[in-house]
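For reference, the structure is listed below as structure tokens.
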């Protein structure tokens, strides 16, 4: 099983979510993070103009069984895209075990 | 100046100060009922419409409304004069200014989260400069044609709230719904970000409304005092009844007492009783509130689901629909001349004429203004700005850090 | 109406409007001092107790309280009449309505975060309909038995606040503590979610309290004017002193000036001076505030740790204990008849009789009502609802999004 | 007491109550414009400066200010007497108390987020006890030397706001900037945590300011009524104009209408018109507001970037600079004696003398007090406390949970 | 060393925390996330009734040395359980290195 | 590629960020979490004094290519340090794949 962590623009979240549902990835968790990267955002506060690379992003954590990996990553890459700096990243890592608390199922059964 | 005049003037000033505070209430309701990414924009709109309105109304709007009714046009518009500064009428200028600003600020909520800031400022300027003063002149200047007809709108259910509400309807329609509000023809909920702030706004509005309605007596000396006290009771009972019936109706139809609808119920009661607060009995006010609380719930649903007009705070229903309703109900509940008090249908008829003609004006004038704005600078922010939030694009700031 | 009457009436109305705004203050204090998952429920409770109370008090409560004291029962209850609408007393109805609502809303805080909404609505209805008017009649209707005894409770330390406070005590006891409040017999802290909102509430309450106390003179004409001004000073000094002593006492016992206790200290000073605001000197008010600020801190600890009654906002201590205390201190600090001013113990004795008998009534009546409610529809939400928060279960909404 | 006196007294009390509410406004502006980790500390500072101030001013400050101007020192300080309790002047004590508290609380914002709580309490005590009353005596007691010179500061642009503003300048300078505010000689933005709360504060201040300015007429009977109404209009127009010009100037120089600067523009207009609200025409007020709104923006930039004095809320510019500016502009716009109205430079000269001498006093006295405090208990919290936030260290509490 | 990530009901957090303390797992970090899954929560807002699968959950991240793995997972599975849809998931993955900032200890020493 | 997760004091964040920029690690995401650990923080609320180990911390998630691992960990260990209990932890784990959404680059190219 794989964990996909995607850091995307908040404004793209609805589209990504929609795309995930389309490929039947109906389970994930997300939260808001601050991202530091190439993109800069201009701010003005009380006369001080500044540009910050600390930008609000949404972090998605999705654990999928191996066969789902590719299509999930593809879906995100496609829908989170705008083409301008700051679209974000997708990270894939290995997950050794998964349990569903309600049924005590483990392994990819827990991801159905 | 004799004591009675001082008393009256003092009452008007105090009432006006309370009405001023309603601007804070509108700001909080509107920000609370919308998403946090647009909060700064909403603050600016509500603040600036008051600032621009105060200046515009003083500069010329006040005399469009209350200037002499002379000659052919006298029934329709007052004789304008620049920069009103008659020292004996400053209290009146103040009281009318805060009313004008109320009419303007109502629209802000209906088109929140997607409208260009500049466009809003211009529209708001024209509201206080022209749209509001003209229909106001019809009703509240003794030479206005509706005034002469015997139309009763004591504190402005129609003159202030309906005008704001109908302008909201046109504006919300022309600006179009927020992205994501309707998908596949279905209305989606876009929950507000802070109902506590919204409900503080409601309390502030209720507080200010005592000034709005009871100040509209424009006097407190002599026997006016009891009238003023009566208005405060009718205002309070209608608000309470509006909340109560809105709560119970949502309890019945959704299975749960709905918070934001109940808050709207308070406003519905207040708006509806505004026209007749001095003309109905406490019991009449109670009934008007009950009716308004029910109507506002169905009206909000109707605008949202049937008309598919996206009105984040319910301004059309709260101010337009219940404003009109309340004005009509004067013809039913007025202890002097109301249908239920043996007055027949005459008063109701006059009320209907007033409601319809003011609505027609507000809708027509707003449409023209917005149409021109649409063709010139545009009404709406770009999709990107809307998705990211207006604060970061229009003001380069976040409200919450 | 002559000018003096107009002045008095105007003052009562303005004061009443200020007192109305205290509802917003109570709402903010209560939401700020509790957890965010129950905020919507608390908004609804505070809004609806005012709405229901306004209607109930107008419908019949007002006459239970101020109706004629006739015959055998006259010392105990007024002669009721439905839907009060004497046009000459609307100002009085309004002023008394906002007082009644204050007594009712106090209870809300004590039983926050765990009480069934319907149960609360019914209890609140009975508070304004029966419980509050009856003891109010004893003291504030000239034919009431405590009034005849010479009991002094100028603006309602006992009549309003203590009644609310003792009802809170019974209610908080019968509803039981919030889950997790006491583990292994130890009291745990359940911090409020927004002390800034809570402190805005305190400022609003203080602001409204000027109306509460100074409006209770029920007149401002002639020599009343100086009395009213004096009341405003005593009210302000007591509040300031209450905050000061609460802050210093917490600084001493916890090593740090405690924010929420200091905020309660303000209220303690205000509640305590309410009974005697017109009877004591500025210095007396200052002393009453100082004492109340200290007492409230220990009282909150005592209720929380010894009685193990869970009162999230400290309503029992703030309104009940310091209300009683302030009423008794009138017997000490009243410049006319107080112990320290050579008046002996007589006044103090009368004050004690009043405090005790009103407490007995409030406790007894609340107990009966709550006992019946407990046996019928129940007092408490389910464990699941409490853990998840009342908002999502009782109202299917989140307040913050 | 005759009716006119009652009217005046009632007006003063109502105005004073409105001014009291400004404390809530200051608290919200200051908390909103700073970081959430210090919110509790700011609440406590704003609450306690009012409490301590109320007690200190009553205890002796009031008579330092308004006590008789006797003998050699009479032009400089009033004859003190303890615990003021003349029953015929309680209204005056109240009105002056809330003014004194305003002067004190201004400083709080300038030194927010880094100052020791105890130090602040002591400084604030001395502000209301000595610093404010003495310069106040010069101007507002008829025997004061500036009063005798013909210096006009109607409601306190200089007496209240400038004194607060200059004390802020000294305090902010002596306490030093917040950590991270200046790096490599560059000024960094430290955004406030909640501009919505900040803007609610602005609305509350505006609301209260009607009491501040119009109450300063200290009368409403007879022909005062029109003067009072005129003040309300000038106050409102200046605030609106201040917001407008601040918004447009930021729109031009930063490319976007800046929210927090616009909010400061409101205050700038209000502070500036305070001195001349009764002396200028509506148009004059409008101009004063426009000028103040522009000046405040550049002043905030200047203090921040050139002087490198860290003033989180802009107190120095808003209260000090525009307070001085507004006082001078009386010499320009006063319809009686102003430069533009043919009065020549005499009035302007007197105004300048007043502005400068009060500034010198405020700066000098604050410096001495703060210098002593610095050498004894210290001004500033430790680095660790500042980084972690004052709430957790000074009060062991989080405001938000 | 293993990282255990548990997504649980907020209302179960206190019990889970208690259970972890009992087995002497006294170190972890948590934050609030929005979870998308099988469970639906009914909402009403201004006349629109809708049910959303975006539900507030609490995310626990616990790094333990290998011998602690089983009992930690067990403790969570047991105490976070209600039996109705939406109880959440537990994910286990490998952690290559751990450092304690204060002492510069690394490996399982850093987890003591 | 490695994922470095660091849980640090909020008050140390600015220094850590600065240090990361110095070694040219300009990409990361962070969010606020509550940490449970050895450190205790004293609180007083309405007369109840209590000490809690639930303390606000900042969580940094940084994915780096292998050569960057050591210097990044070092930088954090050095700058997040105060020496008193509660400085936090650094966890290192393996990441199998990385994508940059904007360019569809993958692997360590996506991390440049």
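When the chains are written out, they are named A, B, C, D, E and F in that same order, and each has its own residue count from 1.
In this text, a residue touches a chain if its C-beta (ideal position, glycine included) is under 8 Å from a C-beta of that chain, and two chains touch if they have at least 3 such contacts.
All values derive from a computational prediction rather than experimental measurement.
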item: Self-contact between copies subunit A and subunit F, residue sets same or different by half; value: different
item: Rounded Å distance, subunit E centre to subunit F centre (Cα mean); value: 19
item: Intercentroid distance (Cα basis), subunit C paired with subunit A, Å; value: 51
item: Centre distance in Å when subunit A and subunit D are each reduced to the mean of their C-alpha atoms; value: 50
item: For subunit B paired with subunit D, centre-to-centre distance based on mean C-alpha positions, whole Å; value: 34
item: Touching two or more other chains - residue numbers and ranges from subunit C; value: 3, 7, 14, 191, 254-256, 258, 260, 395-398
item: Shared-contact residues (touching 2 or more other chains) in subunit A; value: 31, 43-45, 93-94
item: Chains grouped in pairs wherever the two touch, ordered by label; value: A-B, A-D, A-E, A-F, B-C, B-D, B-E, C-D, C-E, C-F, D-F, E-F
item: Of subunit C, residues touching subunit F in the complex; value: 187-191, 250, 254-256, 258, 260-261, 264, 297, 300-301, 304-305, 314
item: List of subunit F residues in touch with subunit C within their complex; value: 43-50
item: In the complex, subunit A residues that touch subunit B; value: 10-11, 14, 41-45
item: Interfacial residue positions of subunit F with respect to subunit A in the complex; value: 3, 17, 26-31, 61, 63, 93-102, 104, 110
item: Subunit D to subunit C touching residues, read off their complex; value: 1, 3, 5-7, 9-10, 13-14, 16-17, 20-21, 23-24, 27-28, 31, 39-40, 43-44, 47-48, 50-52, 54-55, 58, 83-85, 87-88, 90-91, 93-94, 97, 117, 197, 394-401
